[in-house]
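One chain, chain A, appears in both complexes that follow, with chain B as partner in the first and chain C in the second.
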Partner chain A sequence: MLSGKTPVGRLPKPDLLLASTNICQTVLYWYRVLAHHFGAPLIVIDTPFVYTETSAHAVEYVQRQIEESIPIAEQAAGQRLDESKLKEVTRQSKRATELWLEVMERGRHRPAPISVFDQFTLMAPIVEMRGESFTVDFYAALLSEIDERIAEGVGAVSDEKKRVLWDNLPIWYRLKYLADLFAERGVALVASTYTNAWAELAPMIDAERPIESAARTYLHPLLNRGAGYKLATMQRMIADFQIDGAILHSDRSCKPYSMGQMDQRDRLMRDLDVPALLLEADHADPRAFAEEQVANRLHAFIEMLGV
Partner chain B sequence: MGNDIRALGIDVGSTTVKVVGVDAEGSLAWHIVKPTDPRVEDQVSRLLARARAECDLSDGVPVVATGYGRGLVQQATRKVTEITCHARGIFRELGHGGTLVDIGGQDSKVIGVTAKGEVRDFAMNDKCAAGTGRFLENTAQRLRVPLDEMGGVALSVSEERAISSTCTVFAESEVISLLAHGVPVESILRGLHRSLIKRIAAMIRVVGLTAPLMLSGGVAQNAAIRQMLADEMSADVILPRHPQLMGAYGAALINTTHS
Partner chain C sequence: MEIGYNDAVLTLPSRAQTIREHKERGGRAAAVLPIHYPRALFYAFDVLPVEVWGPPGIDATRGMAHIQPYVCSVARNALSFLLSDGVGDVDLIVAPHTCDSMQGLGSILIDFIQPRQPTLPIYLRRGAAGGRYFIASRRSRLLARPLLVRPH
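Moving on to the complex of A and B:
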């Protein structure tokens, strides 16, 4: 990214960097490196971990940090914050997030019109351009295309035999390899806790109270909450999406997300009788990905599902 | 030979290649075991040609391949993982489910087998030879004890020296250091077996122990492994007649009605 040897070229010099502690631990290191490399100011929003419920003082604490960052952002931008524009961006964010949620909910259909691998690539705008009107247009167009596929009975995987849930970030550098491995065997990955995490907080976004609702939303991502919340999310998705098996990617570069997976796996198997596989890899570092071992486990898991 | 072989299974492992033929009843009727040759494809062709000649097979007999080298078996009608094959083989051989421990040359696994012979859950050793046959083989060489005598030597003493179970290379360094301190070879060997068993026990805990405990794979031929696994888990350990052949046997059964 710093060398410019990427499909999208070099990262432009940022005027301001902003990250939050509600995310994979690696992100904070990346942002510190970027701040050092570009000599750009870095704001870190601290979001206290939500074990079960959020306290009012936690929301206030995050809200104040956002408010305190406004003058720094104004200085970097060379202009004052336009309150009405902030409301408009928040409204667009909410609408785009709602559409993204609808897109993924369409995965309930059999065959699933969209796979988790499609979601991994199609999620870029909701991550990077949430407040833009063209992002809303993009997901509206995607939704209508998916509805056409449903009407025509087109599945993401031809001859869908089994439906699988994916937990945690993707293994970005092996997306095609893994997509083919599953598709060749008629296994569709139809839901993921990760892509869902960029959608499920849509109801919390409130354009009338943009900063307070931002604080609330930043506190509640899946990986800033207790392991029980993720377990409940997976249990709900298994029922809603008629899931035959779950793959829990134990991701070294995202420890907050991977915490509790051993117990979550046991609970899914014991309580729901759903086969679950813990797969050791990494979302960013190919050195932690052993192709032979991964393939052998995935093949055995797929055979275990009865394919 | 007139064995009436209906299907072949080939298990291309890291240490040995096993070929099994099953008869019309699904019984293990013919087999061969050879050390794995670096030129696996040539070896597989030779062994399958031999199986066809010795068993007087017709061309239509299915060949199911398993093991790490299954991808290299060009003649295979199907390729299936060792997990599924070991479960099939052991279930057909013993007639019940339970918890199967398979300790191979370079990997080991624990498989939960249901009462119907299906795989319920599995765990495999990760990215390291600790907990596998290679772990013992490596040190057997260093201690100049023949591999097939290791188990007996380990069981000949009651004293054992604790040895790290995390890594084969580190374990070898520890063995050298213990030898330098004059520790008897027998106690070191017993400690090595314990170390391997502890590794296996951790994998059993991941899958959960459902009795009975069953053992397959080449390392099952080692008496100390059998006894110490039983002690560690406080459970009886049941062995099939040919533990080393369970993968190939299960593979042969895949395309028959006997699986």
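Moving on to the complex of A and C:
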């Protein structure tokens, strides 16, 4: 981003940077570097990790931080907060998130009309442009297209034989390689805890109480919750999407997501009798991706599925 | 001038012995993972905090069954130490939220390993706004735990 050698060019100088602790902690370091590089103010919203249950004072704590960040944002924007606009943006966020959830739930169909690899690229608007009306339009159109595929019996993978769950972030720099590897064997990756994490909190978003509901929503992403909750999420998705096997991407650069996966894998195999693979790589650093080793492990895993 | 060494100074009691003696005097003991925790609060309630940093010379394979090799060795070795009962007869395990690794270790203890002692996670706030309120609220919840209630 700083070099400008990207498809979208150089990152423009921000007037304000805002990050939250509810994500891979590498993100905080990115923002600290950006704040230092640009000399821009940085707001960090601290969202206490939810080990088992959320306390009322944790919600209150996050809410206070959001409220106290408003004057800083107003100064950067040069205008006062318009509360009716905030409610409208929150309403659009909720609608877009609900549509995104519906898009992914279509993966329950056989054959699945959309793969996890499609989801990884189609998730960009829900991550970056959640409160915009065109984001709602985009996911409404996508849902309509997916329904057409279902009506016509078109699957994301031709001749779908087995269905797999993906856990953790994608290996961004090898999406096509992995998509082709699975598709050639008739294995469809139909559900992902990561893309689901950007949708499952839709019911928490409340446009009538935008700041309080934002505090509650920012506390509860999958990444900010305990290892047991992550396991329960996988177990539910395995049942809902009729999953035959699970791949848990053990992501070096996102320890909050990855720690607990060894026990999660063991529980999936022991309690659900589902083949589960712990695949070590990194979502951003290709030096942690050993192609031959990955290929060997994935082919062995696909054989375990009986393909 | 020759420095004289006292045998008593050189013979340090083991963790287990220190914990045992403290409990024989009516106190209780907590194994505390790194790094920051309300030490004074524990002492005030006669709970001896015993820090567990993952000492050398232990069988690390126990921790390796739960924590990936790329995660901080302090977390992995501390877990190995806890699983091998090296820390002695403690009443509580305290898991401060020091970093990703300690956060994950606390979560694994609570959700999967479930040791015989309760595990108490302690989250240390990282935000400026509302920080005093958050810490005060955490302290109130901590004081409400049975282990830290003074016996009559």
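What we mean here is this: the second predicted complex is superposed on the first by the 307 of 307 C-alpha atoms of A that agree within 3 Å, B and C clash if a C-alpha of one lies under 4 Å from a C-alpha of the other, contacts with A are read in each partner's own complex, and residues count from 1 in each chain.
Here, a residue touches a chain if its C-beta (ideal position, glycine included) is under 8 Å from a C-beta of that chain, and two chains touch if they have at least 3 such contacts.
These figures come from a predicted structure and were not determined experimentally.
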item: Chain C versus chain B on the shared chain A, clash or fit after superposition; value: fit
item: First, second, both or neither for A:I70, with chain B first and chain C second; value: neither
item: Inter-centroid angle chain B-chain A-chain C after superposition on A [Cα, multiple of 10°]; value: 70
item: First (chain B), second (chain C), both or neither touched by A:E280; value: both
item: Partner chain(s) touched by A:A300 [first = chain B, second = chain C, both, neither]; value: first
item: A:M269 touches, of chain B and chain C: first, second, both or neither?; value: first
item: First (chain B), second (chain C), both or neither touched by A:I45; value: second
item: Chain B versus chain C, judged by how many residues of chain A each one touches; value: C
item: Chain B versus chain C as contact partner of A:V154, first or second or both or neither; value: neither
item: Overlay on shared chain A, then closest C-alpha pair between chain B and chain C (Å); value: 7
item: Overlap of the chain B and chain C footprints on chain A, listed as residue numbers; value: 262, 280
item: Complex interface listing, chain A residues touching chain B; value: 262, 269, 275, 280, 290, 292-293, 296-297, 299-300, 303-304, 306
item: For the chain B and chain A complex, residues of the former touching the latter; value: 68, 80-84, 118-122, 124, 126-127, 206
item: Chain A partner contacts - residues on chain C that touch it in the complex; value: 65-68, 70-71, 97, 99-101, 103-108, 110-113, 121, 123, 125-131, 133-134, 137-138, 141
item: Chain A residues within the chain C interface of the complex; value: 21, 25, 44-46, 48-49, 51-52, 55, 57-58, 60-62, 64-65, 67-69, 226-228, 231, 250, 252, 255-256, 258-263, 267, 280
